[in-house]
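Structure incoming, see below.
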Amino acid sequence: MAEAQFEPRIVAFLCRWCAGAGADLAGTSRLRYPPNAVAIRVNCSGRVEPQWVMEAFRSGADGVFIGGCHPGDCHYVSGNYKARRRVHLLKRMLSELGIEPERVRLEWVSATEGAKFARLMHEFVEELRALGPRTDPGEAAPSAALPAPSRRKG
Amino acid sequence: MSHEPPPANRNPGPEAGHRSGVTGRGPRIGVFVCHCGKNIAATVNVEQVVEAISHYPGVVYAARHEYMCSDPGQDLIKKAIGEHRLTGVVVAACSPSMHETTFRRAAEEAGLNPYLLEIANIREGCSWVHEGPETTDKAIRIARAMVEKVKGNHPLSPIEVGHAAKCLVIGGGISGIQAALDIADAGFEVLLVERTPSIGGRMAQLSETFPTLDCSQCILTPKMVEASRHPRIRLLTYSEVAEVTGYLGNYHVVIRKKPTYVDPDKCNLCGDCATACPIRVPSEFDRGLSERAAIYVPFPQAVPSSYTLDEASCLGLNPLRCSECAKVCTAGAIDYDMPEERIEEDVGAIVVATGYDLYEKERMAEYGYGTVPDVIDGLEFERILSAGGPTKGEVRRPSDGKVPKEVVFIQCSGSRDPELHKSYCSKICCMYTAKHALLYRHNVHDGKAYVFYIDIRAGGKDYEEFVVRAMEDERILYLRGKVAKVFRDGDKVVVWGVDTLTGKRVEVAADLVVLAQAMVPSAGTGELARKLRIACGGEGFLKEAHPKLRPLEALTAGIFLAGAAHGPKDIPEAVAQGSGAAAKAIAILSAPVLTHSPEVAEVNEDLCSGCAICVPQCPYGAITPGDVAHVNELLCEGCGTCVAACPSGAMTMRNHTDLQVERMIRAALAEAVEVAGG
Amino acid sequence: MKKLAYFPGCAMKDQARPDEAGTLHALAALGYEVAEIPRWNCCGTVHSLAKDDLMRHVGPVRNLIRVQGMGEKRVLTLCAMCYGTLKRSAQFVREEERLARINAFLDTEEDFRGGIEVVHLLTLLRDEVGYEKLASRVKRTLNGLKVATYYGCVLLRPREFAVDDPDRPEVMERVVEALGGAPVPFPERMECCGAYLTVGRSDIVTDRVGRILRSARGSGADLVVTTCPLCQFNLAERRPPVAPTLPVLYLGQVLGWAFGADEPANLFPLGGAR
Amino acid sequence: MVGKPKIAVYWTGGCGGCDVSFLELGAPLLDVLAKVEIAFWPALVDAKRADVEAFAPRSLAATLINGTLRTEENVEMVHLLREKSQLVVAFGACAHLGGVPGLANLVSREETLRRVYGDGFAIAPPPGGEADDAPPNLLPQAQPLSTEVTVDYVVPGCPPPPALIGLLFDALLSGDLPPAGHVFAHDKALCEECPRTREDRVLTKIVRPHELVPDPEACLLDQGMICLGPVTRGGCGAACPKAGMPCTGCLGPTPHAGDPGLAMISALASLVRAGDEGEASFAGEDAVLDSLVDPVGTLYKYSLPSYVAKRRSG
Amino acid sequence: MASELNLSRDHLEAPFSRRVEELSGENPYACYQCGKCSAGCPFADHMDALPNQVLRLVQLGDEAALRLSAPWVCASCLACAVRCPKGVDIAKTMEALRLLSLRRGITPAPVVPDRPYPQIALVGAYRKLTP
Amino acid sequence: MKKLTIDPITRLEGHGKILLYLDEAGGLKGAVLQVPELRGFEVFCRGRRGEEMPQITERICGVCPEAHHLASARALDAAYHATVPAPAWIQRELFYNTYIFADHLLHLVFLGGPDLLLPADTPRESRNVLGVIAAFPELGREVVTVRARAQRILEIIGGRAIHPVFALPGGVARPLTADDRNEIRSHTAAMVALAQTFVTFFHEEVLPDPGYQSLLALPQAHLPTHYLGLVDPNLAPNFCRGELRAVSPDGTELFRLDGAAALQKIAERSEPWTYVKFPYLKEPGWTGFEAGAGSGIYRVGPLARLNVAERMATPLAQEEYERFLDFFGAKPVHATFAYHWARLVEMVQAAEAAAALAEEKGLTGTEIRGKLGEPGAGVGVVEAARGTLVHRYALDEQGLITEVDLIVATTHNAAGIGLSIKGMAEDVVRKNDLDEALLNRIEMAFRAYDPCLACATHFLPGEMPLAIEIYNAEGRLERRISR
């Protein structure tokens, strides 16, 4: 009997002006993508806090998607740059704590890139399926010094 | 299994037992699920959504309707608000960008504060993009998350603010002049600030204008004079904006007016001073093709009509060293001690029309600019074509004054070249090159004009016909292809190009080469944008709030964009945008009171330590540091970047707190969605 | 009976004889008394596209002078090529100066006064006979036979001399319809067969013919009709080795058959029509 | 006879600095000691575990516990003390947040033992002893006190500054008790009491304390040092920044900061610049961010078990 | 077809260009090289230069146009002429090139009859392929 | 078999438990000190920033964080190949001597004090610092006051009184100001005065006490071991710099070497019934839990430092040192309870040294950081109040820790303490009624060392040979693991 496919749970933080509008466009264009992500709309990707990402993981998310405006296009001038730097630093920390940094994905999606949004949703779900379910950061003792245990789907 | 997400406090942490920010009164939320005809109901089982959400904690009423945005649908919501004493409403329907305003207005009509209503997007973000039973599951998650948000919402009212009835227009080119005239004609005071000694801008430098071949100065100068004489326009030439503070309706601006060292009231324009002046420097107006004295009028029709002593070129404003101009000035207009003026004004709106420069030709090394004197840019050619220009309108080349018999025009010089130069199309070059070639042929009947181009973009009224006229009537040879190299050979300027239509490489031994240089924002645009706290795009042009729906507005409320500072534009577009920006500004200036969204950042003064990490996060300068940070809620646009940066949680966002978002996250992820089979 | 001057041209007396026979039979049935113009000469087949082409109008104009001599105001052509050259020259000499130059050149002839109208069989059927009358007089219906209507180039181009809208012609289709057939307007119906390139560049013509026939067959045709003898020749004689075996007939042949003319031996597809 | 209120002081996996800090109260200590009876305090008096077991439930007015929970014995003792006490105070960073020894959670217990004693090590009783004479087992993870027993109050710090200990005793002795969960420190961050001046709030580089003698007046963060002052409760008088060293966060995060490491990541990343913000400076910004070495050790020096390890639901 | 071309005023006003224009009566500079002529030409597959390219050579005053076979492949079917958005009758330009060639003694390859031709074909060919 | 447990051992830092095994006749079969905790610093320090080590390792022990702080800084000095400039050294030494003074004072009054200063029959409830203060109110108050002033010096220099933050590789965090010096000066004067007062008090109130006299004379409290400690070039004790000198039970110098080299002379073994390990001198080596010239067991701490030194570094200390030597008549002194007196001698030297350093011109110098080289490995040795403390680190190219070895004072003494407890237990067990006061005598032997069990489980000289013996319930050796 075939094993049921692992369906990762995703929280997607989408900025209202670009990524959120891009997601709306994907809808208007009826582009199908997997339903794994629930979107939470924010005014700007600069509003997204690393704590939310961790809260999502703590609440059972397997991945977190953050969508912002393309560089130079931020509705609020530079919020997306802050988001980018926060995610960069957060990912370094996540890997130290034994959470695969690929589980957090920051992407630039413009209001016209409905197709890109849909593609990213496909891609992310596939990637997370390949990674498999996330183990709680506290369950497996994270080790900075030891190589991260392989969690590739077996 | 319980629906209740984990306890309220953010990361309860080791200080368990300590709870704050939990309201005592229980929420009474109503959820209204829209079928949107088949748009939602085809893939989402609306009945199940209603059933599941009606058991969700805090939800006291849930209902569905075929079209929630219809009048009966809205009535359903209004009625429920009253009957069920709802403290919050979630409408699960289309994207909030569609009907948020509709439903909030309905809520308000029913007596519920509009900010207590939120839209859960189950159409664009769900029913239209998914299929199968998971679609219903996801719709429930979306609705639950939004219920959690509404539980944390507080009633808010828009922030009201008064304003100044005056407008600042920065840039005295045609776009700025047009904006200033429109605003002044509407009855409001205008400050028109121009960096150079005269208004007029680039248009004053042009010979004829496409496609009508009107004389540029002839149509411009009446506008210049009108602007200078208008009772409600205060013209500040030779001036720059030094500081801008404040916000929509209440900008405080400081303008520095540089001294001209000539009293305009005394100067009678006799010109003796310029003759006496021992200094000769390249004329900016003539793009260096002629010289001017250190004391000069940029061009004969300059407005204001007065001499300016250029401090940088003058031998030192020192009567002991040189005072030739003062000696000959019978009017006694020259004042070496004239101070810089500092003008401070409160304005309600700002129009930015700072125009363009041409991309530095020196960068086009392959086109020989700077080493080959007979390679010039488009504006230089304009001056050569101008009756008032250095050659009195005769086409003569700079090196030896010879009438060029073969002229090569190179379009897209620096434009559409993302690799080495500018990626964008400078838009007007196709047209002005056609004009140049055509005017050249009118001037030199036996001359031959070649135009190297990649595409011809003649999108504008009568533009295509104009280009066809150049090609067909004037036999201007259009060569599709870029020029690779320009070099000097004797008195010829040799051009190596290609005709991609035949695949032949082409060599022209020309007498003159004219480069249609890319348009770039005028120098200092970036610096001004920083002062105004508005954004520039990657190429330095001012950025509009929305490329389609808000093309005249900057991202900062109350600041409007006009002319080529916003992107390459021709004269009619610049004028149209000037008028458009003026209309936008007038709307502010004439409003009895302005309102601002109350969903902005807020400081909890009991928690703020004054660390000031928030301060540089704000693109609008809305945060003032101090013992505790202070947010000017009129300046705040609600992006929340400061909130995320605040390490102590002292900065919050009204109706979008961390607590709300974290509850939304948990609600979106929690199991126990009771959807059997879908 | 209406009197009608008629210019046959070379082909009608040679390989296109069945065309003429069929056409004249039908015209008689439709009430026309067709009179072949006397001492007609070659139309020149193709006209010149160059500016200095006066010489090329001499032949056609001489024929028009014959029509003038018959006291007729118009002349009928069946061959598409003849129609093209005669029509173009009649047009050419509408300018006084040109007419004078031609007349000066043709000093042995009586002066041409111009004003002769050149009509093609198709325009005659459409504009004067009318499709309804045509249909009402038909003796043998094509009975839904699928007929590919091949115009070629000259009937439609240049635009000024076209027998119909050069981008969307329908005259041949309507005539076929009137005869009871089912016209098949196929993509290649207006594209040139290669014409005179058949001399020297038969390779090109063979390629063209192959495409035209495949296009006609692909559209479901049982039969191809044309009014141009050169087209007919090329379509019939320059078929590539592998090509649909579609019969190619002159429109006049089919017309004659419909009006009860003797059944030509090679008209096998019509045999089953009735 | 109604005696003086009895209090106990106990340490679990700690360093004793909390005890010493208590003693450093100086003269006020004597006042405190005069008003209470110390029923149990291994560092100071000779009561033994057996004595504690004999106490009546809730007979101790308050018990101050310092140290992280590291062994099964620690857990037994804190449950025992909880039972005997009316109030339990988490005293110091270890009991409050897990403390520096909590960094051990980066490595598993088994790995720790293997690295210290080599492969195959297993605890055993002494020669001739019984099984329960063996040393207590280590817990799998270091844990803050609140993971095992209800904590009424917290006196944070490593060790708690005497001033904050004073606040606790003021409250205990006056009977004017704050609500449960109160933390005897400021709700505002350390910056509030830091005398250093904050200027440009831009982080163009990250410097480590040994790489720079800081300007005595300017904010250390402005000078590129990773100072956790902005996320850490005040109450110590900004001792470390005053001494030219960045705050390392021993008083724990301010009440609404949440996870201090993540809050600081957000703040620090927000401040980083490498020229004008934009695509061209991404690489430069990342280089600055990457020069923050050992983020986990730096940002969770005292709090790893509280924010990273899995907590028991409670 | 690739080669180098030196463009100059003299070159562009050389007799070749003028003759082509005179013979055809068409302004080659009206052509903006959209290529619609080539797109619809039934004979383009058999040409060594597309019709628009032939015209381009004329625009450039390049006599290489005379050495092409394309004008000889053109059957004057006028499909191009009726479609040209600029109203350039390119068939006329082809005719002009043929005439110029013939008048300069440049002729297409001699015809070797492969079979008897009908008169109509012979006359047409004769009139197009001779000066 | 009967078992007696002293749990927890009180008035010390850290966790300790004493297990006594008696036969049916009540005779002592075994006495064991068990340290029931392990925090794993050696493991989790890896990956941390090198410069953080002074602030991390000091969390090993809240009583002597100063010792770890400085040992750590010294190891980093070496790892970064840094020469510490004079002003930084003056700050460090002033700080350190103040610490030694304060720590010894703490023990003499708060921890060991009640054993020493109060009569043996003092009830348990009063056998603590409050009892001491009640008995000697004036002295008590002064001790509390001066200790606070010493702590104030530590705070000025170290940034904080407990868990200081000032030492960095190559120097210290910030320069001191003239105001700082003035305040420090006032405190050091009080320290010297108190040291003198205490000496007088000792000779008047403590030394003459027959109880103390008997303890000093008790044969079971004589342990002829090797001794180890830091000495300056004049062979006077120095607490934070110098060379390690080892002497045999008869006073012969075994070696005098810098820290890294001295470390090569030491090996360790492990027992499964305790988290503490037992280091010993490779020459003569491990022969079991026994004292004597043939056993590698050595002791550190105040008594050891006086035994390895030939003189004291300051005049008042020298005077008291001479009285000490006179009393015992010969050196090395093996009486375990002489640790208390030795502590007093050192306290005097520390106060005097601090006072002298407070006058040094360089104290307020601004050259406080030496140039740092590329990070590598380094050893730092200081004398904590209770004995030699060794930190050894290796750093990677980013300056992150890759290896950590620590040997703390109480670990050096672990075997000696065990023997002392056993000896004392033998003495006590011979007495018929084992009451609480008698059991306290066992603890007293332990406390004499001023042991710090918080520290004691921390050490891991990675290259050192390690032997672990595992016994079964019957006490038979089951397995032996060696590295």
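Residue numbering begins at 1 within each chain, and the chains themselves are lettered A, B, C, D, E and F in the order written.
Throughout what follows, a contact is a pair of C-beta atoms (placed from the backbone, for glycine too) under 8 Å apart; a residue touches a chain by one contact, two chains touch by 3 or more.
Source: prediction; values computed, not measured.
Participant: Determine the shortest chain-contact distance, in steps, between chain E and chain F.
Facilitator: Shortest path length, in steps: 3.
Participant: Spelling it out: a chain qualifies if it touches chain B and also touches chain C; which chains qualify?
Facilitator: E
Participant: Could you tell me which two chains share the largest number of C-beta contact pairs?
Facilitator: By contact count, the leading interface is D-F.
Participant: By C-alpha centroid distance to the whole-protein centroid, which chain wins?
Facilitator: A
Participant: Could you work out how far the Cα centre of chain A sits from that of chain F, in whole Å?
Facilitator: About 54 Å, centre to centre.
Participant: Rounded to the nearest whole Å, what is the centre-to-centre distance of chain C and chain D, using the mean of the C-alpha atoms as each centre?
Facilitator: 106
Participant: How many angstrom lie between the CA centroids of chain A and chain D, rounded to a whole number?
Facilitator: Measuring from centre to centre gives 33 Å for this pair.
Participant: I'd like to verify one number: the distance from the centre of chain B to the centre of chain F, where each centre is the average of its C-alpha atoms, in whole angstrom.
Facilitator: That pair's centroid distance is 71 Å.
Participant: Two-or-more-chain contact residues of chain F, please, as numbers and ranges.
Facilitator: 47
Participant: With touch defined as at the start, can you tell me which chain D residues reach chain F in the complex?
Facilitator: 11, 13-21, 23-24, 26-27, 29-30, 33, 42-50, 68, 70-71, 73-74, 99-101, 103-104, 106-107, 111-113, 115-131, 133-136, 138, 142, 158-159, 208-210, 213-214, 216, 236, 239-240, 242-245, 248, 293-294, 297-298, 301
Participant: Using the touch rule from the top, collect the residues of chain E that touch chain B in their complex.
Facilitator: Within the complex, chain E contacts chain B at residues 1-9, 12, 27, 29-30, 32-33, 52-53, 56-57, 59-60, 62.
Participant: Help me check something: in the complex, which residues belonging to chain B touch chain E?
Facilitator: 405-406, 446-448, 450, 456, 468, 471-472, 475-480, 499, 501-509
Participant: Which chain B residues qualify as touching chain A in the complex?
Facilitator: Listed in rising order, the residues are 5-6, 10-11, 95-97, 121, 123-126, 128-132, 134-135, 137-138, 141-142, 145, 533-535, 537-538, 543, 545, 555, 617, 619, 637-641, 643-645, 653, 656, 658, 661-662, 664-666, 668-671.
Participant: Taking the complex as given, what residues does chain E use to touch chain C?
Facilitator: My answer: residues 22-25, 42-43, 45-46, 73, 75-79, 81-82, 89, 91-92, 94-96, 99, 108-109, 111-115, 117-125, 127-129.
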